[in-house]
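Take this structure first; my questions come after.
Chain naming follows the written order as A, B, C and D, and within any one chain the residues start at number 1.
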Amino acid sequence: MIKKVLIANRGEIAVRVMRSCRELGIATVAVFSDADVDAFHTRMADEAYHIGPSPSSESYLVGEKIIDAAKRAHADAIHPGYGFLAENAKFAQMVADAGLIWIGPPPKAIEVMGDKLAARKTVTSSGVPVVPGFEKAIDDVDSLHSQVDKIGYPILIKAAAGGGGKGMRTVYSPEDLESAYRGAMSEAKNAFGDDRVYIEKYIEKPRHIEIQIMADTHGNCVYLGERECSIQRRHQKVIEEAPSPLVDEKMRRKMGKTAIEAAKACGYVNAGTVEFLADNDRNFYFLEMNTRLQVEHPVTELITGIDLVKEQINVADGGELSFDQKSVAIRGHAIECRIYAEDPDNNFMPSTGELKSYREPSGPGIRVDSGVVEGSQIPIYYDPMISKLCVWGATRDEAILRMKRALSEYRICGVSTAIAFHETVMDHEAFRKGDLSTHFIDDHFKDRKYSVHNEEHILRAAAVAACFYDFLESKRISTGGSSRGDSSRWKNSGRIAGLRKPMENGR
Amino acid sequence: MSYLAKIQDREFVVGLDDKGKTTTLIVDGAPVEFRCTTRKNKHRFLMLIDSKSYDVEVNRKDGKFSVFIYGREFEVTAEDERLAKLRKVAGLELSDDGHKEIISPMPGLVSNLIKNVGDQVSKGEGVIIIEAMKMENELKSQIDGEIAEILVKPGQSVDKGECLVRFK
Amino acid sequence: MIKKVLIANRGEIAVRVMRSCRELGIATVAVFSDADVDAFHTRMADEAYHIGPSPSSESYLVGEKIIDAAKRAHADAIHPGYGFLAENAKFAQMVADAGLIWIGPPPKAIEVMGDKLAARKTVTSSGVPVVPGFEKAIDDVDSLHSQVDKIGYPILIKAAAGGGGKGMRTVYSPEDLESAYRGAMSEAKNAFGDDRVYIEKYIEKPRHIEIQIMADTHGNCVYLGERECSIQRRHQKVIEEAPSPLVDEKMRRKMGKTAIEAAKACGYVNAGTVEFLADNDRNFYFLEMNTRLQVEHPVTELITGIDLVKEQINVADGGELSFDQKSVAIRGHAIECRIYAEDPDNNFMPSTGELKSYREPSGPGIRVDSGVVEGSQIPIYYDPMISKLCVWGATRDEAILRMKRALSEYRICGVSTAIAFHETVMDHEAFRKGDLSTHFIDDHFKDRKYSVHNEEHILRAAAVAACFYDFLESKRISTGGSSRGDSSRWKNSGRIAGLRKPMENGR
Amino acid sequence: MSYLAKIQDREFVVGLDDKGKTTTLIVDGAPVEFRCTTRKNKHRFLMLIDSKSYDVEVNRKDGKFSVFIYGREFEVTAEDERLAKLRKVAGLELSDDGHKEIISPMPGLVSNLIKNVGDQVSKGEGVIIIEAMKMENELKSQIDGEIAEILVKPGQSVDKGECLVRFK
């Protein structure tokens, strides 16, 4: 029986995992870097252990330190969250070797799915459709052209060890091929220490649709419907929803079965996500498998009513899935907006600082997963996500309107956020129609300014607010009402006194 | 007290006066129904203007005001109207300075230089890439101009507010 | 088309109604008393109108002022929330007479159901089972004994115009009958200006189970499952859940049909609740009909996925119900804990003051409906409810554990709250087993102290926290680190200077 | 600095000392691993004691401390240990005063008197009923004693903190 879990992560996902643990009566252990000594996940845990300086390479990415903390805390198990060490097969193995339970898939499955070429090969052998392309890395420049000719331009050169858009090049014509190949190889080598690249057909404006699966050690494997994550910026998902407006019951069943095939092909256990590219004719191709809990898992929880983290713990503890395929039912529609500390008016540049004001929306159909409170710092060292704002609605339309309402209630002062951007997307006709693709933002929002507001009465009120604040402050200074007023007065009289003396002397 | 307030491309003349316990408001010469309550935290308050409700928060920031209203933060400048008029008459507009440099908006690592000293750059063109929070961030020029000086090198870490590039 | 709604209420329910309006693109108008000029509902509305001094008899209960505000704001409709004027048939008529839409049932239905005797008579004629008793008020003392003899002791004497336990007496034996009768009559006269009382059989330790119904002007009437509200203190519900652990599908259908009969008997339109008393053999008796949205409506929303306020607006606007009986499905289990500002250790005495610290729980399965923010005052003039904390779980067990987690995350400093009480209930074996009755608190929690904590490490930490805070403060004063320290220093030196002068003079 | 802290029926001797940048903690004579961080708001802080995490808030209240921890507020008294010892030796215990009166905990309306002057009342018995927030609230005696004086009448409105009843 798992009785104490160390969460090898920070921010909202650490808090999210702790919440499920608490509901299961499981004690929680946080780890924290220097920057996170005062973080919400540190505060929320039952116990907390310091694991080093702020850079993640010296703290959250150091497996030994985490296992050491788990031993000091007498934890039974480690939950990795997402990111950091979540898809590190070696760490998963270290955890097992230390006699701890790893709340995640077997190291072998992580390893296979982490290598894109191996993953392609594995799932293809199980009959899973993949994007047309090749199962082997490019050996030499000579074979390059002949390979491409077989599938035709445009093509994508991808790093076998890839991720996050690194070591990736789109090529539209033969003359760019060789330089793109060399560029991708050297980037892959720098980023992953592995220069293997391979070729896939480039699918223009695809939709990104993924299937959540959950497998136990007793041979049960169930799919929990799909999520559409087509709204991306800088190769990163920003808005996700479930179900997908494209997917009908037939496609869902087909994708679900395919996802289970892919999972079984690598001996998968625990929660995982099989990502597909899809076109508007409902063709779909295996893209990769994420061997962890995803950022966007709450939208699946909202439409299925299943707590995925609890289920992860149950499965890691040797339990059978608490549901079977037949009992999984989808109800309503859920949307997630990732609330990053960033400036959407300035190419989504990260924003750091203190949350001077912080109040989350609430009421019907709202779920906020966050790892901050008022006064929290958004540190420079990590992903600048403040929270995931999720809504549930009986229909997609209701969910969209509810998201708009929730965004309008959200109060964050001190850092720039993507809230105005999300509001603009929720209002966009193409989004409302469900006409999505991974190029959505480029297609519809290029050089858009989100913070511009055209409602005269709001601009007028903002102007009045600034004036009134200054008016109040100056009154306070002149009458000395508050402590702030006092200190200003002290300063002023000090300066005047300081000025006066030499003048008197000069007379 | 009369203010000249600027927000986005709009200007408002805002008159505020204390009449006993209440404050009167005049915007662009016309009196407006106004009611305001502040709690202990004086920079967060509720305004009722013509019975419309505004739950606002005002913070001073670099000599301007950052006003949170209707779910967004706006930058507002507000100055004494007479001073503003005098300045206008004297031709002393507030200068658009600060754009002849590129300042790092965050601490990070210089990962790449897109332009070099002597390059002609148009407004909106990328000049330098800073890596922070696991992402590469392209810093763009805010003006058309020629690069006079680049003060950092790839691989160098920089602080927030550090000057990275100077234009002629 | 309704485009602007005035909400004739305050606190959480005003905020709740505004949220649904906002999702429908409907502008919102708040009204506020002196005490509420800075209240959250005033802040959240698009427009806000002052309607008088703090006592509700001079503001929220003055129909004319509210209709005047609605006219000034050019509102199309008025939503009364619950309490205040929600069940005032005259006000509903005034609203209609002023050319405004009343978001609630027809005045006639309010009137019939507001008079308990008329309600009994009306529903009985439709074959609805009522608690054994009489359909007429007691005319004279002579008929009293003969009436009681027909049904046997114990009996309940109830005021026809009653509510809130006033004008009500339980009688166990004949010798107490006459004095109880006179007491009830005089209390009823004082409280309602109507001394009619009648006799019902007293059901010992009943369960309180109610059916939510929703009817439109097109003749559709649908029941939305039941809620169990047996956990009460001071005749007031404090914990509600849906579905009831007692009710099975057969009983639900039977109660639902009965509720629809009751609603049809009085020509009901809009949202309403038919309350029943039930025993553990699943017999049930009509108690009364509440002709408004109930406090506890969120638990029904959580298990059905239907937004009742949106549906109320739709129906008031002449629309058809957006669902029929067949499409209503119950999923999972929901619980609501009412978070009052009160001291459960001291007979639930109301507590007033400022919310010095206020942070709501969040994450999976939590919904908080509140009308406050950090710094809000809990005024003395109104119901001291801070919020309704609701959870959804796939099962009742999950919901209970989730509620415990949510309660432990809730942070309220400055006023006493019922949180520790709710935690104790969630842990109680009888509650976990669903073994409920309206006497639950008296039976299981008499003279219980909720704030006592026996975990040594928590007491130790609390002791250390107080000492450490004092330690920090004294350091700050001696080193003058902060502004607080500064002001203390100023005060000290001022005093010393003030003292010194006369001493110098004296020398 | 050494404190004597009381909470519920428990007493702790708490020693705190600054060693350079860190603070050391000794509870009941035994050193305890301690780490604490405070943000701007100094009365809300995180303590790690033996690696256990406590997110606390401390407010001064009537000469005592109100400590919010693990979802509840506790009343704690903390005083200099030497002073406490001296007081004990001298037999000067903190008196249990304030209970010889019934003070209204809220503003409201006196709706009923349950007891009269001269009545013998036991601890926990109801003495007077105050109506506030639409509810009737029975105020109970905190001691056994005889009622010396009732300072209010039914129908009278009272303020928070007003003395209603005095015992002999």
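Just so it is clear, a contact is a pair of C-beta atoms (placed from the backbone, for glycine too) under 8 Å apart; a residue touches a chain by one contact, two chains touch by 3 or more.
Being a predicted model, the structure only gives us computed values, none of them experimental.
*Asks:* Farthest from chain C by Cα centre, which chain is it? Let me know.
*Replies:* In terms of C-alpha centroids, the chain at the greatest distance from chain C is B.
*Asks:* Quick one: chain A and chain D, Cα centre-to-centre, how many Å?
*Replies:* Their C-alpha centroids are separated by 46 Å.
*Asks:* For chain A and chain C, let me know how many angstrom lie between their CA-based centres, rounded off.
*Replies:* Taking the mean C-alpha position of each chain, the two centres sit 39 Å apart.
*Asks:* I'd like to verify one number: the distance from the centre of chain B to the centre of chain C, where each centre is the average of its C-alpha atoms, in whole angstrom.
*Replies:* Their C-alpha centroids are separated by 46 Å.
*Asks:* Which integer distance in Å separates the CA centroid of chain C from that of chain D?
*Replies:* Chain centres of chain C and chain D, defined by C-alpha means, are spaced 30 Å apart.
*Asks:* List, in ascending order, every residue of chain D touching at least 2 other chains.
*Replies:* Residues 52 of chain D each touch two or more of the other chains.
*Asks:* For chain A, what residues touch not just one other chain but two or more?
*Replies:* Within chain A, the residues that touch at least two other chains are 44, 408-409.
*Asks:* Sort the chain contact graph into one of these: line, ring, star, complete or other.
*Replies:* Basically it's none of the tidy shapes, so other.
*Asks:* Determine which chains touch and list them pairwise.
*Replies:* Here the touching pairs of chains are A-B, A-C, A-D, B-C, C-D.
*Asks:* Please name which positions on chain A make contact with chain D in the complex.
*Replies:* Touch residues, chain A against chain D: 30, 37-38, 42-50, 72-73, 375.
*Asks:* If you look only at chain D, which of its residues touch chain A in the complex?
*Replies:* It comes out as residues 35, 37, 39-41, 46, 48, 51-53, 55.
*Asks:* Mind pulling up the chain C residues that touch chain A in the complex?
*Replies:* Contact set of chain C toward chain A: 15-16, 19-20, 22-25, 44, 298, 301, 305-307, 331-332, 359-360, 362-370, 373-374, 392, 394, 398, 401-402, 404-405, 408-409, 483, 486-487.
*Asks:* In the complex of these two chains, what residues of chain D are touching chain C?
*Replies:* 1, 3, 5-8, 10, 12, 14, 16, 18, 23, 25, 27, 34, 36, 38, 42-45, 47, 49, 52, 54, 56-59, 65-74, 76-78, 105-108, 132-135, 137-140, 160
*Asks:* Which part of chain C faces chain D closely enough to touch in the complex?
*Replies:* 234, 346-347, 349-352, 356-357, 380-384, 407-411, 413-414, 416, 419-420, 423, 451-453, 455-476, 482
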